[in-house]
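Quick heads-up: structures coming right below.
What follows is a pair of complexes built around subunit A, which joins subunit B in one and subunit C in the other.
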Partner chain A sequence: MSDLFTSAEKHLKSRHRSESRFRWMGRLAIGFSLGFLAIMLFSIFMLGKGALSRAEIALPVDLTAETVDQSDIEATSFSKLVRNTLFETFPEVTDRGERRRLLGVVSADAQYELKRQVLANPELLGQVQTIWFTASDDIDLYAKGEVDVTLPEDQRRLKDLELGWLNQLEVNGQLRSVFNKAFFTSGDSREPELAGILSALIGSIFSLMVCFALSFPLGIMAAIYLEEFAKKSRWSDFIEVNINNLAAVPSIVFGLLGLSIFLGVFGLPRSSPLVGGMVLALMTLPTIIIASRASLRSVPSSIREAALGMGATQVQSTFHHVMPLAMPGMLTGSIVGMARALGETAPLLMIGMVAFIVDVPQGFTDAATSLPVQVFLWADSPERSFLEKTSAAILVLLGLLIVMNIAAIVLRKKFERRY
Partner chain B sequence: MTMKLTATAAVMSALVAGAAAAQERISIVGSSTVFPFSTTVAEHFGKATDFATPVVESTGSGGGLKLFCAGAGLDTPDITNASRRIKASEVATCAENGVTEITEVKIGYDGIVMANSREAVPFELTLRDIFLALAANVPDGNGGTMPNPNATWADVNPALPEIRIEVMGPPPTSGTRDAFSELAMEGGCDTFEMVEAMEKADYKAFCHTIREDGAYIEAGENDNLIVQKLTANPNALGIFGYSFLEQNADLVQGSTVDGVAPEFEAIASGDYPVSRSLYFYVKNAHVGQVPGIEEFLAEFTAEDTWGEYGYLTEKGLIPMGEEEMEQFADDAANLTPLSM
Partner chain C sequence: MIKNPIITARDVNVFYGQKQALNGITLDVPRNKVTSLIGPSGCGKSTFLRSINRMNDLVDICRVEGEIKIEGKNIYDKDVDVVALRAHVGMVFQKPNPFPKSIFDNVIYGPKIHGMVKSKSDAEEIVEQSLRRAGLWKEVADRLNEPGTGLSGGQQQRLCIARAIAVKPSIILMDEPASALDPIATAVIEELIDELRQKYTIIIVTHSMQQAARVSQRTAFFHMGDLVEAGATKELFTSPQDERTQNYISGRIG
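Then we have the complex of A and B:
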C-alpha cells in the first residue's frame, strides 16, 4: 500500500514537471511568433514612414503679363515658365548638361502643378509669386537624410553640383518637408515622388464588393441547402468532397478559369474589377460554404425540432430560427475569405490586373489594379524612392486587413448566442 | 431575405450600368524590361493629351506576344512590348489569327551587367570567363566536353580572385536570362574552336545551359532583391539590368566585360558586349479604332522622349544612334508593316 503511495507521489512530481515544461514551451512559441511579428511590423513601419512626407522647393515664378497671357491661361507654356524660373534662380548655371540636371531638381510634374495652381487661383496672376513645387525623388531622399554625401561623387546619384544648389535653397528657406497628401489622393506614377495608392485601393475595394455580392449569397444558399435540405447520398458526399478540394486549389488556377471563361467566352473587359471580383468570388466560395456549413451544424438540433414541433415548415424553421443563429459564424467565415481574397495577386495576373494604372477607376468595368499588385510593381521598380512607397503600401494593405478582421470579431461578439 | 435580394439586384444593375460607361483606352502588354519605359511614356501621354492614360501590363515578352497575336478584335491588346525581336513563328501565329499588319518600333538598348558589392574588388571578366564559370559543361581540352569542374574564379582564370563562384541571376522564365544566355554565354562559347563543328541543337544545348550545382543561384525576377543580396554577400556576383546598376551605384559596381565597363556611352555605342535591343509592336488594324494610338506613337518617338536627352534616358534607357532613331520614328509615323 505504502509502496503504491510513494510511487504515485514520484509520478505526480514528474507529471507536474512535464506539465509546466509544456506550458513554458507554449509561452515560448507564442513569444517567438509575437516577436517576429513585431520585428516585421517595426521594420516595415520604419521603411514606410518616409512615404508620408515629401520635399518641396519654393521658386519665385514670374506670372506677369509678359510671360502669361492673362486672357488665355491655357495657351501658356508652363513647362517653359518652370524652366525659365529655374534658370533665373540659378543664373550661374549656363552649361547645357548642367542645366539639364538643374531641371531635374523639381519633379516632372512641376509644369502641371503650376498650371493647376494658376487655374485654381487666378488672383496669383500679374505679379511674381512664390510657388512650392514637389521636389524630384533624389532631392526628396536627400531631404530625408537618406543620401550619404560623404561617398565619392561617382557613387551617388546627387552630384556636388546639385548639393551646392540644395545648400543654397536650404539656406534661403526654399526647401521644406510637407505631409505627402498625394500618396493617398493620386494613382500610380513612374515618378516615385508622385506615386499614390488611391487607384489600387479603389480597385481593391471594387473587386471585393463584386466578390462579396456574388460569393456571399451563393455561398450561403449552397451551404443552407446542403446542410438543411439535401438528403445524405452518394451525390451529396461527392459534392462535399469537391468543395473541400476546391478550397485547396492554387489561386492561379481560378485566374486561368477567369481568363478562358469570363474574358474568352463572356467577353467581359480585361483588367476590370468586375472580372477580378468574379475570379476572387470563385476562389472564396468554397471557404464561405465550408464556414457556413460548420456554423449551421453548430446550431443545436433542439431548435429545429422545436420549430418543426410547433408546426413550422422546414423552410420556416431554417430561415426564421436556424439561419439567424448561424449568421455570425457565416459572416465571420465570409469576411475571413474576403480578407484572403484581398491579398491575392496570382489570379489577377491572368486577367490583366497586374498593370500600370494611373487613373482612379470610376466604375466596375474601368481598368484597375489592386493593393498587393501595387506592392509587387513598386518593389520591382529600380528607383530607390519606391522602397518607402512599397512599405507604406504594405501598411495600407495591413490596415485594411485589420479593419476587416476587427469587423469579423465585432459581428461575432454582437450576434453570437451561447447555449 | 427580400432586402438582401433587392440589394443584390441593385449591385448587379450597377455593374451593368458600369459596363455601358467603359472607356476606350490603349491597352499595352509585354516585357517587364520595357515596362518602366512604356509606363513612363503612358503617364506623360495621359497628362499631356486629353486621351485616357493607356493601361500597361507586365506579362513578359512571350506572354505579351501571345495575347497580342490572339486576334484582331478590339478586346485584344493594341501594343505589345518585347525585350527581344518578334520570332518568325510568332508572326505566323499572328497572321493565322488575322493580325496581318504589325509595325515594329525599336526603342533603344538595355545593358545586362554583372556586378558585385562595392566592398569587394571589382571584377574584370571576359565573355570566355563568364562561360567557363557558369556553363553546365565545358570543353575538356581534347575535343570533348566534361561537367564544369571550376569551383573558384581563379580556376577559370588565374588573374581572377580565388573566391568561390557564386552568381545570382534571373530564372529561365525571364527575358533577361534569355538575353544573358544569348549574348554572354554564347559569346564566351564561340571563343572555343570546337563548337564550330557542332550540330545546331547540340551547340545551343552546350552554349546556353547554365550549371545547376549551386554556383548559379536563381534569385527571382526582382532585381532589387539581387542588389540587396549582393550587399549582404561581398563574394557574390549578380546579373541584372543596367538601370538597377545606375540607381544603386553607391552599393554595387559593374564588372568590366572584355575590358569594357558597363557605362552609358559604352552600351550606346555597342562596345559593351552584353547589350540587347528593346522593341514594341503595334497592331495597325487598331489605329483609328482605338483613339490616341497615333498620338501615343508620336509621343514615344519624339526626341524629348527617347532621344539622348529625353526623359527615358533618366529611367535607364540607352538611346539608339540618330540614323536608327530616325528610321524607326518614320516607321512609327507611317505605320510601315513589318516584313520578315
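Then we have the complex of A and C:
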C-alpha cells in the first residue's frame, strides 16, 4: 500500500517545486507592478503637494485720502500704490536695478489683488492697512524650502539681496504660507503662482460629457444591432473587422479627422469642448462597441429563447431581457473607454484645445483646454514652480479617473443581476 | 388516420446551410393528446419541434421547405406573424430558463406583452391560475416577489411551464423538459404533463423511451432526419413495424 504513494515521489517533488516556483513568480510580478505604482503615486504626490500652498507677503498699504481718491476708486493707480508700498517698506533700496528686483517679490497680480480687496471692502480706506499679497513664484519656492541657499549666488535665481529682504519679512512675520485655493478656482496663467487647474478641469468635464452623450448611445445601439439583429454575412464580417481596426487607430488620426471634418467642413468652433468631445467620441466608439458586444454575447441564449418562445418580438426580447443583463458590462466598457478619452492629448492638439486658456469655459462652444493638455503645457514651461503645478494637475487627473472608476463599480453593482 | 388533427406536417425538409437535417417529414398531431418525439441524438426531433413555432427562424442558415399547418393554416405562409404564432404555440426548453426577475414577473411577462392584462387584479388572477395549473402555486404563493432563479431546478421548470400557459396557448412544445432534473422532479413534471393534456396539445421531445411510454399517447420515432414510424405509443413500443424502431427501442442503436 505504501508503495502506491511513494513510487512517484521523485517526480512528484519536481512537480510541486515547479508549481511553487510559478506561484512565487506570479507574486513577484504583482509585487513589482504594485511597487512601481506606489512609487509613481508617491513621487507625484510629493512633487505636487507644494501646489496646495502658496506664500503670501504682508505689506502695510497707505489707503488714506492722499493716495486713494475715495470718491473714484477705479481711477486710482494701484500699481503705483503697490510700488510705493514696497519702496517704503525697504527704504534702503535706491538703486534702479535693485528696485526692479524688489518689485518682483510680489506677484504681477498684486495690484489687482489690492484693487479687488479695496473694492470688496471699502471700509479699508482711510488708513494704513496690512494687506497680504501673493508672493512671486521664486519667493514661493523659497518659502517651501526648495531653494538651496548654500549654492554660489550666481547659480540661483534668488540673489543675496532678495534673501536679505525675505529674512527681514520673515523676522517681522510678514511672510506666511496659506492654502492655495486659487489653484482650484482659477484658470491658467503665465505666472506660476497664479495658475490654476479649473479651466482645464471644466474643459475636460465638458469634453467628456459630449463624448459620453455621443458615444454611449451610439456605441450600445450599434453593438445591439450588430449582435442581436444583423444577419451574419460578408458585410457584417467586414464591419466587425473594421470596428476592431478602428479601435487600434492611433488617436492623433482621429484628431486629424476632427480637424478636417468638424472644423474644416462643418465649421464648428475651434478649441471647443464640443469638437473635443466629438473627436474623443469617435475614438471611444469602437471600444464601447467591442465591450458591449462581448457583454451581449455573454448573456445566455436561453434568455433570448425564453422571451422569443413566449412571443416577444426581437426588440422586446433585447430590451426587456438581454440588455438589462448586459448593462453592467456595457457600462464598464464605456467607462474604460471614457477613462482613455480623459487621458488623451494628441487628438485635442489637432483641433486647437492646446490653447492658453485663462477663462473658465462657460459652455460647450467656449475655447477650452483639457487636463492632460494642461499637464503637457505646464511641463513645457521653463519656470520651476510649474513643476509642482504639473504634478498637482496629474493628481487631479488621477482623482477624476478614480471617481469615474468608482462610478463604474457602483453602477455595475446596481445593475448586476444573477442568472 | 387521425381524426381532426391540430397539426399537419406535410413533406417538411429542413436545411442548415448545405446540410439537410430533416427529410420530408409528414406527421399528424392529435388534439389534446401528448405526442412524443423520440430518437437518437442528432436525429432531427428537436429540429422538427422548433419548426412548429418557427424558432428555427432565429438560425440564420436554417431553411424550411414543405408545410406545417396548425388548425389548417400553414405557419410558413407569408402573412403569418411569428409573434402571434408563438403566443399560440408555447415552448418549454431543456434547461429551465426563468427570467432573472420575480416569480410574478416571470409569469405575467407573456400576457403583458400580448396585451392580455388590463388591471392589477387581472394580472394576479392570471398568475395564480397559471401557477396552479403548473402545480407550483402552493409552493410559491407566499413568495411571488422572490427571483424565479432562486427556485430549485424542478420548480424552475414548472415556473417555465406556468409562464408558457399564462399566454393561453393551444399547443405546448417541450424540448426534453426533464433531462436536467432529478427523478423526483421528473416524476412531478410527468404528472403535470398528463394533467395539462386536458386543455393543451403537447408535443414532447425526449431521450428517455420510458418517459415517452409513460406520458404520451402517440409516439414518432426519428432517425437520421427521417420520420421512421409514428403511431399509438403502446403499439409502437410493443409491435414496431420498422426494423430501425425495433433496434432503437430494444437498445441496439442510439
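The rule is short, and it goes like this: the second predicted complex is superposed on the first by the 410 of 419 C-alpha atoms of A that agree within 3 Å, B and C clash if a C-alpha of one lies under 4 Å from a C-alpha of the other, contacts with A are read in each partner's own complex, and residues count from 1 in each chain.
Everything that follows uses one rule, which is that a contact is a pair of C-beta atoms (placed from the backbone, for glycine too) under 8 Å apart; a residue touches a chain by one contact, two chains touch by 3 or more.
These numbers were taken from a predicted model, which means no experiment stands behind them.
Of the two partner chains placed by the overlay, only subunit B lies in contact with A:Arg156; subunit C stays clear of it. Look at A:Phe184: by the touch rule set out above, it reaches neither subunit B nor subunit C. When the shared chain is aligned, subunit B comes close enough to touch A:Gly267, but subunit C does not. Contact with subunit B, but none with subunit C, is seen for A:Gly363 once the two complexes are overlaid on the shared chain. By the document's definition of touching, of the two partners only subunit C reaches A:Glu305; subunit B does not. Applying the stated contact rule after C-alpha superposition, one finds that A:Trp132 touches neither subunit B nor subunit C. With both structures placed on the common chain, the touch criterion links A:Phe87 to neither subunit B nor subunit C. Put subunit B and subunit C next to each other and count what each touches on subunit A; the higher total goes to B. Once both structures are placed on chain A, no subunit A residue is touched by subunit B and, in the other complex, by subunit C.
Within the complex formed with subunit C, the subunit A residues making contact are 231-232, 300, 302-313, 316, 320-321, 325, 417-419. Residues of subunit C that touch subunit A in their complex: 53, 55, 58, 60, 83-87, 90-91, 93, 95, 97-100, 109-110, 113-114, 147, 149, 160, 163-164, 167. Subunit B makes touch with subunit A in their complex at residues 1, 4, 8, 11-12, 14-15, 17-19, 21-23, 25, 27, 29, 32, 35-36, 38-40, 42-44, 46-47, 52-53, 55-59, 75, 118, 221-224, 241, 243-244, 246-250, 309, 311, 314-316. Subunit A meets subunit B in the complex at residues 100, 104, 108-109, 112, 148, 151, 154-157, 189-191, 209-210, 213, 217, 263, 267-272, 274, 319, 349, 352, 354-359, 362-367, 377, 379-384, 387.
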